[in-house]
Amino acid sequence: MLAELKGMNEECGIFGVWGHPKAAQITYYGLHSLQHRGQEGTGIVVTDGLEIKTKKGEGLVSEIFTTDAIKELTGTGAIGHVRYATAGGGGYENVQPLLFRSQSGSLALAHNGNLVNAEGLKHQLEAQGSIFQTSSDTEVLAHLIRRGGYPLLKDRVKNALSMLKGAYAFLIMTETELMVALDPNGMRPLSLGKMGDAYMVASETCAFDVVGAEFVRDILPGELLIINDEGIKSEIYSFNSTTAMCTMEYIYFSRPDSNINGINVHTARKILGKRLAAEVPIEADVVTGVPDSSISAAIGYAEASGIPYELGLIKNRYVGRTFIQPSQSLREQGVKMKLSPVRGVVEGKRVIMVDDSIVRGTTSRRIVTMLKEAGATEVHVVISSPPIKNPCFYGIDTSTKEELIASDKSVEEIRELIGADSLTFLSVEGVLEAIGRDIDGETRGQCLACFTGKYPTEIYPQELETSAKC
Amino acid sequence: MLAELKGMNEECGIFGVWGHPKAAQITYYGLHSLQHRGQEGTGIVVTDGLEIKTKKGEGLVSEIFTTDAIKELTGTGAIGHVRYATAGGGGYENVQPLLFRSQSGSLALAHNGNLVNAEGLKHQLEAQGSIFQTSSDTEVLAHLIRRGGYPLLKDRVKNALSMLKGAYAFLIMTETELMVALDPNGMRPLSLGKMGDAYMVASETCAFDVVGAEFVRDILPGELLIINDEGIKSEIYSFNSTTAMCTMEYIYFSRPDSNINGINVHTARKILGKRLAAEVPIEADVVTGVPDSSISAAIGYAEASGIPYELGLIKNRYVGRTFIQPSQSLREQGVKMKLSPVRGVVEGKRVIMVDDSIVRGTTSRRIVTMLKEAGATEVHVVISSPPIKNPCFYGIDTSTKEELIASDKSVEEIRELIGADSLTFLSVEGVLEAIGRDIDGETRGQCLACFTGKYPTEIYPQELETSAKC
Amino acid sequence: MLAELKGMNEECGIFGVWGHPKAAQITYYGLHSLQHRGQEGTGIVVTDGLEIKTKKGEGLVSEIFTTDAIKELTGTGAIGHVRYATAGGGGYENVQPLLFRSQSGSLALAHNGNLVNAEGLKHQLEAQGSIFQTSSDTEVLAHLIRRGGYPLLKDRVKNALSMLKGAYAFLIMTETELMVALDPNGMRPLSLGKMGDAYMVASETCAFDVVGAEFVRDILPGELLIINDEGIKSEIYSFNSTTAMCTMEYIYFSRPDSNINGINVHTARKILGKRLAAEVPIEADVVTGVPDSSISAAIGYAEASGIPYELGLIKNRYVGRTFIQPSQSLREQGVKMKLSPVRGVVEGKRVIMVDDSIVRGTTSRRIVTMLKEAGATEVHVVISSPPIKNPCFYGIDTSTKEELIASDKSVEEIRELIGADSLTFLSVEGVLEAIGRDIDGETRGQCLACFTGKYPTEIYPQELETSAKC
Amino acid sequence: MLAELKGMNEECGIFGVWGHPKAAQITYYGLHSLQHRGQEGTGIVVTDGLEIKTKKGEGLVSEIFTTDAIKELTGTGAIGHVRYATAGGGGYENVQPLLFRSQSGSLALAHNGNLVNAEGLKHQLEAQGSIFQTSSDTEVLAHLIRRGGYPLLKDRVKNALSMLKGAYAFLIMTETELMVALDPNGMRPLSLGKMGDAYMVASETCAFDVVGAEFVRDILPGELLIINDEGIKSEIYSFNSTTAMCTMEYIYFSRPDSNINGINVHTARKILGKRLAAEVPIEADVVTGVPDSSISAAIGYAEASGIPYELGLIKNRYVGRTFIQPSQSLREQGVKMKLSPVRGVVEGKRVIMVDDSIVRGTTSRRIVTMLKEAGATEVHVVISSPPIKNPCFYGIDTSTKEELIASDKSVEEIRELIGADSLTFLSVEGVLEAIGRDIDGETRGQCLACFTGKYPTEIYPQELETSAKC
């Protein structure tokens, strides 16, 4: 259970459409299906071929866009964004898509990922007189595009992209064109869909299912798609592409009904759970998963082990932004917030608790304690990923090594700290076997940097500092 | 999947506490855990022994109660209510608890259930000059209590209760006392908890787990509890009690982590699923459940049948009150709202789809179509309850027989209508075996009226009309 | 300057219309013109002959009624209310019109005034089993009407009105009829207007000007008007009528563009100012008025005295409910809230400051200090009413004698307390000459109780306590 | 009555403070007193010497700043802005102060006025790669400052200012400094105040009275003030200064309690009214003014002519943003919005109606009609300014010559069009005598361009287009 409980933030989600008479409405439903990727803010930019209109705000898709607001966003092309909650770079300005108007036309940008050389580029641009309005990485691309000397926008974009390092999936829209770019490692998921004559792009394929579009193919690492009223064109702007898809997309981020690089996420998680059961058999009475992201793995574990799956933990669905956190004294009296144990299921039982990952360990300790207080006689924690030992610089908010419990503690030390009767992590090989792709006779195609420390791109020292990522 | 998709409304939830310095806060968390029982409105009434304060509104618990609002509700006794969405009797006035102030003191009421003779009583009271401010059943009790001739409140309450017919769980609070009443058939769940010196009452035991209280016992049919600063007293005011707990509480309404009459709801649902697998074995590739209420039954079915459980359907968590419904034209293009099929799981598969019930059949047809469009080669619908053939007069909004597809259609006719390859309902015996209690050598204790037509109370003709129930 | 600065509350305002296809819209604009009579809450009840709909809320007319809300209030008859801010009896329940639904039809009530025997009547009704939902006087009338034995509503209303004592202007609406009643002393203003075939009733004639209706006549003391689709009928239900119109309506409450009993309010105030100049000539350089209510009197004083009128005090127009009050420390540093002195006008000048009344004296002291700090060499306070020595029981919130500075202090003592160089009150004779009517050779027709202690009705001891008045 | 009724927009207001422990609170009250200069949006930027925080939004000061929001704006230096409602350049981005963050520190800007060469400068800057985030003139200054080559901020600011043409009053704040600049013609009012050790700057002196500060002096044309923790310094950056204060500030914009260049606005308006009476004596029964801005002139006219001043027109105070405009059909039935005639005052009378200006003439026609319908036998329109024949390029929204009725129509033609019995404008000499300053033996110091067509600066053709001015 990475999400709120662990401080490991979710990523952003992007959605674009070209050639549909209700582009804003389609984008609304598309973004809605990507809401799990970010709840802090959302925006839509729409074009009718002549004029660009926009609406954005801090909150959920269903909160920001009223019926009236959507109606005013008339046009046949649109891009939209959902943004994750983050401490440093919040605020209305940072809500995407960013829109840059000038006397020669508008430029709208939506971004998922994180640039590792953004600070350096920003420094250079500011020294040349550029004024940044946001603390977002994304704005760097706009300045690079505006300054680039080529007469064609397409070439200015390619030139600008070539200066960026890191993980990114970009949607770029002008009054007359939609461009789609993925970084040379393809670290963030991005797919192309189609619905009648309209093209769509989305961070996850679940968006196509929700709007009724059909999946065409995944965007390639280092590819630039140019979609306009004349059709769709593809150019490869980077010839050093090596696929390194973020493994946490499978393990935690993506919706279980999405497919990433052809693999269904729920199915991948079930295989991770089965593989765990095979790697470390445990004697127990029930298997339970931490909702929502670990349910699939838990069911996989149950199927493979023959130990029945039970609902040992329940999540309260109605915890929104306005929920009042219990005071310290009430928490001490036992008031629960989002997660509660199911006494009727765990009392007197040896429980296998499946979770997707451990970041700081505090949440795991809390859940173990909860289960024991509810009467579990043993709690065996089983994690469907390897220990996270290294920070991510590509968009996942595991800022510093210090915060990662596995960076300097052994499995046994962590087990003791979280109070579990046993603790099992999945092996890196287990992950690769479950979701890796065979490329040139070798299993690879995944970014495993947070487990192994081998980063697929260069890393710049200043990147360790905070900027508003996505 | 009864809830939103089927128009069969959820019930209300009630929570009370006596003797806790932060009574309003505790009630807030208690109501929050009962939010699944009603999202239309909510209120809390609190007493500090001298004065009664209240706050209520239309919306979710976390929307209505801000930190400041809760802080102002100082007191050691409180009752609260969550109310379901209903067409006829909405509006601020009908949000509970109802509060009646008079020169001789205040009376606050919170109610879960439905009275079958409310209209008749109201008619008599209005003829005598009573003015009703709400269209709620609950107000009838207040007028009966105020008019009753006994000097002691307790006796006026018992006299008033004796005139009521139907299903009810009442919390009644004055400046100095909390009373708790359950109808003589115990048709609605209501339990007693304890936390230090404070007593608590809740519609479901999950509320005790969430606030850290311990379960004491279920309230008895025909029991009146009187809790005040001198302690707790129990009186049985009806000696014709026969337990007839609403069976749908197990099948659909209650939270899986609650226990009703000692049986865990998740466990009961798994047994229903296992029993289904035993009654009708089906050859298929995957089992899937309609989220959220049918997941437990689906897992039970999978365990018993050996067919793997998969996530074939996914629910969008972020559909709130402000969500924009897709227009007809967008729906026809395939835009989904709350539920979408997982193509990666069902494509090319024979699917067993487990749901909790069928009311009108329209939702089932929609889901079957969705699964087939996503590539399922066969869809076998398996229902963890018997056919609902008769309306409920006790608080569940299955208004008229005409709306119930099973009232005049055979299983085969329904199967054809929903487009399934096969359709299986659980037998009444199967239900009773799974959750019934053995009383005097006979399996009973459940209300099965919606399946069998045998109502545990008299029914009055005017009750077929609408009033604001709870 | 009575209003906010003095804690003497404003009254309520009522508006009704019958026979207009856009009854709710007309009522919206009518209420809007009466907004100065109450800003706490507002509501409209509308009938289309068959069904009654309503919308009310706490706030200004323009805040509560959105375009959509007004559109839903379809009908040809409507009554509306604006309610003043009051400490004791706030809350949504007390916002008027009150609406009482029953199986035999609905009854909507809007009230301006205060009943002096409400508590006694309430006590009797509660003893007979009535339940009151509000702390408002107005509800008493509803219960009396419902209990009255006559078959015709008209007769039940007349019977109920005959039991009431005090000041009241009532609008009573059912699905098919609008009734209008004024107390036997005609203490509150209430007038009849006409616009095409539609009749209108309003607390002040300014409402007719704003909606484009023409004034017909004032409602008579003790009159009951019955307006329905067959036309308009008048019945006098009380034959002991003696006109005693609230004098403060002229001096402070009403809008200057309204006429009360045929006298324009602005003109009356100018005459009060002129009369003051005649009673007590003062040597000074400039005359200024406390905005808004004292401007007319100040201009009258200036005209009669020949001393130029100047803008010595200015009111900030943008102080709404959400305005942040300056902290104590900022107030001590001199931060002003609603009123500021105009240094360029008063510096080095002898200033005559005209105000409408003095209640507690704290505001007068504040303004005198302000003017002196801004450089006025002398400040002569001139009040366009006699000293208020007695509480009002008829709707004006000068609760107790203790709060009235003039109840136990001489003019000289008050002058010293407020720090003025001189203090002049208008004489009672001066008031009567300016606005009194000659009845039977004697100047009367006004309620002067707050000045003279002669109340036009009986007063009951329990009335000294608080209830929600209007 | 220029304001809402005439489409001639109000200007913006700015306020700054340095060296006060509650800088944001003081700014809140200062902005509040300047609210009449702009109601569209407002913002405050605050510095504590190290860090800059900001809060802005679309709405009134009292709507945007809650108690909590103000509390979070801790710091000792602050600048704030209120912005007028405008069609073209609305939106959150354009709400000021604008804040530009960079790695070398922040720059906050608040602006009142309009640059006549903004579009040209913007074009040059964009050609060099600058990206503009707003459609506001103000941002041009930020880009010029960032690009300027001088090492000291002060010199970069002076260099940037020297490139600007037009009317401007700027507040510029960094983490450690507040700079204040006025254009070389001093076309917009801007004054310096003091309160203990804290310095304050405001568009109008009324702000000093409201916060309890004392007036020090007006900012000089072409002056740059630099205020920081070491004190205050003044530099004159332009030596071609000729004072040309906007005359409409006296006639219409400013609050009557403000002083501009030493002249009280209310007093100036009274003199304009007196001068009018002297220029054109009219026989009539009553004098009335169009509220609020023409009341002072009307009282002056009444004093000089001996004709009594009466309240012939009244303004509804409660017309806010959410007020529902009457439909065409209701307007035709006579529903009034903001202004209504006082029948009791004008019926049967010859009325002199004093207004401050005529722009398009539609409002004047409306008011004349209103007064005649209310029974006035004659309506003589008397305007306290000369005819407005030329557009303003310095911040007042009288966009094009076509919209100005006096640009191509004679006084007699206008009179006929508005339906008045006579129409009198004040002469330019009359204006200058009333408010002009004697400079070098010649009466001047005012910008009279809208009356005379003599603009105090160059005008650039592209400036005729719309940009977001302030």
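Letters A, B, C and D mark the chains as written, and numbering starts fresh at 1 in each.
In the analysis below, contacts are C-beta pairs under 8 Å (C-beta built on N, C-alpha and C of every residue); 3 or more make two chains touch, one makes a residue touch a chain.
On a predicted model such as this, the values are computed, not experimentally measured, just so you know.
Trainee: Need the CA-centroid distance for the pair chain B / chain C, whole Å please.
Mentor: Result: the chain centres lie 49 Å from each other.
Trainee: Once you find the CA centre of chain A and the CA centre of chain C, what distance in Å lies between them?
Mentor: Each chain's C-alpha centroid was found; their separation is 61 Å.
Trainee: Hey, how far is the Cα centre of chain A from the one of chain B, in Å?
Mentor: Roughly 36 Å separates the two chain centres.
Trainee: What are the residue numbers in chain C that touch two or more other chains?
Mentor: Within chain C, no residue touches at least two other chains.
Trainee: Have a look at which chains touch which and call the overall pattern line, ring, star, complete or other.
Mentor: Contact pattern: a closed ring, each chain touching exactly two others.
Trainee: Which of the chains touch, listed as pairs?
Mentor: A-B, A-D, B-C, C-D
Trainee: In their shared complex, at which residues does chain A touch chain D?
Mentor: 92, 100-104, 122-123, 126, 128-133, 135, 142-143, 146-147
Trainee: Quick one: which bits of chain C touch chain D in the complex? Just the residue numbers, please.
Mentor: Within the complex, chain C touches chain D at residues 22, 25-26, 28-29, 32-33, 35-36, 39, 60-63, 65-67, 70, 195, 206, 209-213, 255-257, 259, 263-267, 270, 292, 295-296, 299, 303, 308-311, 314, 316-320, 322-324, 326-327, 329-330, 333-336, 340-345, 374.
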